[in-house]
Amino acid sequence: MRPSGRAADALRPVFIETGVTKHAEGSCLIRCGDTHVLCTASVEERVPPFLRNTGLGWVTAEYGMLPRATTTRNRREAQAGKQSGRTQEIQRLIGRSLRASVDRVALGERQITVDCDVIQADGGTRCASITGGWVALRLAVNTLLKAGEIKSDPLTDHVAAVSCGIVTGTPVLDLDYTEDSNAGTDANFVMTGSGGLVEIQGSAEGATFSRAEFDQLMNLAEIGVRDLVAAQKDAVE
Amino acid sequence: MRPSGRAADALRPVFIETGVTKHAEGSCLIRCGDTHVLCTASVEERVPPFLRNTGLGWVTAEYGMLPRATTTRNRREAQAGKQSGRTQEIQRLIGRSLRASVDRVALGERQITVDCDVIQADGGTRCASITGGWVALRLAVNTLLKAGEIKSDPLTDHVAAVSCGIVTGTPVLDLDYTEDSNAGTDANFVMTGSGGLVEIQGSAEGATFSRAEFDQLMNLAEIGVRDLVAAQKDAVE
Amino acid sequence: MRPSGRAADALRPVFIETGVTKHAEGSCLIRCGDTHVLCTASVEERVPPFLRNTGLGWVTAEYGMLPRATTTRNRREAQAGKQSGRTQEIQRLIGRSLRASVDRVALGERQITVDCDVIQADGGTRCASITGGWVALRLAVNTLLKAGEIKSDPLTDHVAAVSCGIVTGTPVLDLDYTEDSNAGTDANFVMTGSGGLVEIQGSAEGATFSRAEFDQLMNLAEIGVRDLVAAQKDAVE
Amino acid sequence: MRPSGRAADALRPVFIETGVTKHAEGSCLIRCGDTHVLCTASVEERVPPFLRNTGLGWVTAEYGMLPRATTTRNRREAQAGKQSGRTQEIQRLIGRSLRASVDRVALGERQITVDCDVIQADGGTRCASITGGWVALRLAVNTLLKAGEIKSDPLTDHVAAVSCGIVTGTPVLDLDYTEDSNAGTDANFVMTGSGGLVEIQGSAEGATFSRAEFDQLMNLAEIGVRDLVAAQKDAVE
Amino acid sequence: MRPSGRAADALRPVFIETGVTKHAEGSCLIRCGDTHVLCTASVEERVPPFLRNTGLGWVTAEYGMLPRATTTRNRREAQAGKQSGRTQEIQRLIGRSLRASVDRVALGERQITVDCDVIQADGGTRCASITGGWVALRLAVNTLLKAGEIKSDPLTDHVAAVSCGIVTGTPVLDLDYTEDSNAGTDANFVMTGSGGLVEIQGSAEGATFSRAEFDQLMNLAEIGVRDLVAAQKDAVE
Amino acid sequence: MRPSGRAADALRPVFIETGVTKHAEGSCLIRCGDTHVLCTASVEERVPPFLRNTGLGWVTAEYGMLPRATTTRNRREAQAGKQSGRTQEIQRLIGRSLRASVDRVALGERQITVDCDVIQADGGTRCASITGGWVALRLAVNTLLKAGEIKSDPLTDHVAAVSCGIVTGTPVLDLDYTEDSNAGTDANFVMTGSGGLVEIQGSAEGATFSRAEFDQLMNLAEIGVRDLVAAQKDAVE
């Protein structure tokens, strides 16, 4: 029995509210249970130096956590003077994942920065950031299409992410913080709407895991991503 | 006529929603027109080195702005590796202002950190942070009182803040971003519920200002703070 | 009775020695009692990026304190790797104050940086920096005028600053360190030679203050700035 | 046909030379083809603050690349003033991987830091660092056992890592730099000597990948790790 | 003929004014021609961690240059966020040089920090810092002796420094900035009052130099240091 | 009797292995006894800003030490976020020394960066870096000559360096770590193949030293550099 009473293959309730800030070209607040992430997509008519005059666009991501998004207060990274290794690892993952759905020729020589700021954390913030970040990106691209800035849609598919883990011997989908803290194995899966794999990150915590166990996690991930993509569709349509 | 159609002595609509994050001892989302600030108050059973073993408590504040809280995206301070001079100036002001309402003996040797994170900006973010920050602080103190951690209420009064300015020759209350950009003089007033002055910061932008003009701004501030204190009372009761 | 024996409305003795370094276009050593600040104004034929090709000039300021300017040694900021929030707040104030006297069109597209380095501190260093900084700026502009680099004088008025405070119930002018440490309310006033207000910063320390008290401080400030402007005139003529 | 002429399931030649520096408690130079990494394990009789007085030990890792380990010179991170996100991500991975083989009770309250410095890079530096880092760790632990500092062996198994990828449609083992640059999918597998999975990181570059493809990569990884563990055994025995 | 009209073996005029700041335990303003350095010595009743409970004292130095001490303005190091390599090299040299005259047992477990801040630069700032720094140190030690904090004098000798160089083929003493810029070889000599050598730093700029040339520079240095020590004696007695 | 049994004027065994990394234009591993330094020279077709469009080339150096190159582990500078004063001082010395042998007109407008990374330290790392760095530079220049990128040889002479010191009263050549720790005086000499002096750095540790003693050290240095230049010749021919 999971602490939340959920079935092993059940996501937490997902709500995606769009258009939550008036300035960003695309934005949403995604809530996966008690994990709440504000995602904004900002369009800028410039690209990083390595892409200048190539005609190719760029999508990048940044991640942050408000100091009291967590059970106890964490030091503000702006105060500490640097982003932690964990933060950098997560924002690199979000950026790579989102780029998997982008036709950078169709996007044209411009950059979209997706900011994912965790308002409240209860496990799975990086996955919620990817799922919500894609929605913000989708909406920003819609803004560009509507304004005639770009002609053909550069987004080739949905991208969503979910965590799975083995908790006291049972493979379960979409871990909350309590489960995450007790998981023997923890894995994040990023997939497209058509079921292609984009990123897999699996990690043993304590004991190692077997191929059979990992296969069970991937089965769960496929269920979870399918449901998250459905929630994305509801949000953007 | 003001861009918003408001009277010269009218605040923007103020909404203060409390209990917006599940982890913080006190929290609120304050919306002053299109300026939205998330305020959390975190209690920690430790004080800065200079207060150890004095029996005195401490209240401090930190301020941040999400990168796309503004019309165009600003660089994330955690990425830049330091807080800007503006950020530091604002968070020092918030901290000083809130401490004006705190009996540090009654608080006991613990620290409350008030985090003010601007979700959306449209002028007056430092004033909204003080007004909302006080609500978060009030709620955190209530939590401590309820739990019996402290015996007598360390909060001696309300603290709220409002900006006033002279826009095209007319003194007006509670400037939004458009007005702020065009103001000849800009002043922030921090006051208590009983009308005592806590902080005054007035600044000429371009031309200088006279004592008579400054008096008019202070008259407006008294009206504004009175209304903000009423909104605080509604929120915490 | 004040510790220094001064009347409530008396400044400390002010001495402004000009031309104290051979390299700077304008310089002075200002001594307000035991507070000594070395001010230099450096002309550079470039402006910050946001002003390029606008024809407008810029005046900015930086502030520092020698490690042993104070009673006990402070850590060198260059060693600490950053300027403190206090330093940044002060240098932003000095820059804003000096710009209030500058016609940036007449200055032309060049930058003048006013460096204020506190050699010895005894209260009121930010005010002495503004008063002395204006003298250094005046002298640097004179150098430009004499050299024919600029045609019409870009300085529209004097700018000087003084602190006032309520010490054991009595409003007094130009606080030294001992008074500053005991002041219930502390305010800095920046004004022009013709009596216009440029900046007002008032702060309660402990108790709040009333409008009547603040008015008394402003009366004192008017006396103090009038005398400081006279000292500036003596120095530059 | 691979650029190196290797079979799809063939590792590059692996050489592990032990005892390469006279100061470290354990050290080796691992060469996987043209990728050369110097690994040292340093024992210190202290642990990070969160482990003090718990009786538990700690194993951590740091990773660096000499500026000219690569085709073109990279900026020295000590000069840049920070470790890149990539560096931090890699050293976190090495540390987590090595800890999977450590009984932290048996290690006792001390820390072993494994430094992995890339002398020459040709793809697969993080995997070579894990495989070589384990050897350095093994040797340092042997030093402690021999000296009687610890009684029972805290290393529960071997840990080794290998990369696999899909290059022009073909799954291949142990990518060199040329293959890595052209891989459509790239995955790193960390496993124990007994075949348990420790870490899996798979990433699409451009196109997505399927479960079937990922299974093929895992098959290759099992072959590669088996051979690497054999090389570790040769080296330490 | 030297630009200044000085003889090859003539120092610039040296003036050492003592007691120039009211807070420091020892202080002086040393002027070597147009090079002016403010030196303060601060006593603190603590030592660096590596000396705790050893009974030994410590003398250290820090060096800074005001932004407009030079012909054109230099960036403030506190603003840049770090001390330059040149600054660190100089302050390490000053510290080592001064320690050569200190009996650290007699000093007792306390630290004296000598701050050398260049007010105006015209070549030879590191040498002036050492010569003036010793005077500040001497005066601070006198303060301690007078107060009975230490019983026997920990200063064993004078320490002074001078630069020499080969300018257009001629060895000359005490280079000013113009000579320094044109010197083929440049050397700094730190010596004690009794003629012992403490530090020698010689550097070819362009061509190399011979032992014979170096000997000539050392002859000049002996003359210069003798005269500087005489100036120190005048100042402190 | 020296700990190593060497005669007072004997170098440690010197081995210089060239071509040790496949990417760098020039490289060597220099071993002076137990001090091992990896030196690479990287050619880049760009120069620092102050040399653009002057036709002049530039040679610069960077220095690093692997964390466990020393008896006990040192903190990684990339982790600490800055290079120590010692590191900066050393790399500035290496760069100046190497430039003494370079005709920057003949080199043409390009930069060669010599990286000296200490793999194992036993005293004299800065001298080994200069001696080995010159070999790497020589080989990189040979690469450019062979490729026809430059027409005439820009290297005008050999440059090599050695330390000397007075250990328990006896002047000795090429100190190892044990001797260095006990030396009363320590000096580094950088010289050319034809015997010209490039850099001299002598430092008293504790007692001062006399001119006679310094002369003895210079005699030893001439012997040492002659032998090191011979080793360089063997290596590059």
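Letters are used for the chains, namely A, B, C, D, E and F, taken in the order the chains are written, and counting of residues starts over at 1 for each.
Here is the rule we go by: contacts are C-beta pairs under 8 Å (C-beta built on N, C-alpha and C of every residue); 3 or more make two chains touch, one makes a residue touch a chain.
Which protein is which chain? UniProt says A, B, C, D, E, F = Ribonuclease PH.
Quick caveat: nothing in here was measured; it's all calculated off a predicted structure.
**Q** Which chains, if any, touch chain D (Ribonuclease PH) and chain F (Ribonuclease PH) both?
**A** Chains that touch both chain D (Ribonuclease PH) and chain F (Ribonuclease PH), as defined above, do not exist here.
**Q** From chain A (Ribonuclease PH), what is the lowest number of touch steps before chain C (Ribonuclease PH) is reached?
**A** 2
**Q** In terms of residue numbering, is the interface formed by chain E (Ribonuclease PH) and chain F (Ribonuclease PH) classified as same (over half shared) or different (under half shared)?
**A** The interface of chain E (Ribonuclease PH) with chain F (Ribonuclease PH) is built from mostly shared positions.
**Q** Can you spot which option in D-F, A-D or E-F is basically A-B again, with over half of the contact pairs the same by residue number?
**A** Match found for A-B within D-F, A-D or E-F: D-F.
**Q** In angstrom, rounded to a whole number, how far apart do the mean CA points of chain B (Ribonuclease PH) and chain C (Ribonuclease PH) lie?
**A** 28
**Q** Could you state the distance in Å from the CA-based centre of chain B (Ribonuclease PH) to that of chain F (Ribonuclease PH)?
**A** Centre separation, chain B (Ribonuclease PH) to chain F (Ribonuclease PH): 59 Å.
**Q** Find the geometric centre of each of chain C (Ribonuclease PH) and chain E (Ribonuclease PH) from their Cα atoms only, then give the gap between the two centres in Å, rounded to an integer.
**A** Once rounded, the distance between the two centres reads 33 Å.
**Q** So the centre of each chain is just the mean of its C-alpha atoms; given that, what is the distance between chain B (Ribonuclease PH) and chain D (Ribonuclease PH) in Å?
**A** 51
**Q** Give the residues of chain B (Ribonuclease PH) touching no fewer than two other chains, as numbers and ranges.
**A** Residues 81-82 of chain B (Ribonuclease PH) each touch two or more of the other chains.
**Q** Assign the assembly's chain-to-chain touch graph to one of these shapes: line, ring, star, complete, other.
**A** Graph shape here is a ring: one loop, exactly two partners per chain.
**Q** Which chains make up the ring, in order, starting at chain B (Ribonuclease PH) and heading to chain C (Ribonuclease PH) first?
**A** Here the ring, read from chain B (Ribonuclease PH) toward chain C (Ribonuclease PH), comes out as B, C, E, F, D, A.
**Q** Using the touch definition from the top, list the residues of chain A (Ribonuclease PH) that touch chain D (Ribonuclease PH) in their complex.
**A** Its residues touching chain D (Ribonuclease PH) are 82, 85-86, 88-89, 91-92, 96, 100, 187, 191-192, 196-204, 207-211, 214, 218.
**Q** Under the definition above, what is the set of chain F (Ribonuclease PH) residues touching chain D (Ribonuclease PH) in their complex?
**A** 21-24, 27, 34, 38, 40, 42, 44, 62, 64, 66-73, 76-83, 87, 113, 115, 117, 119-120
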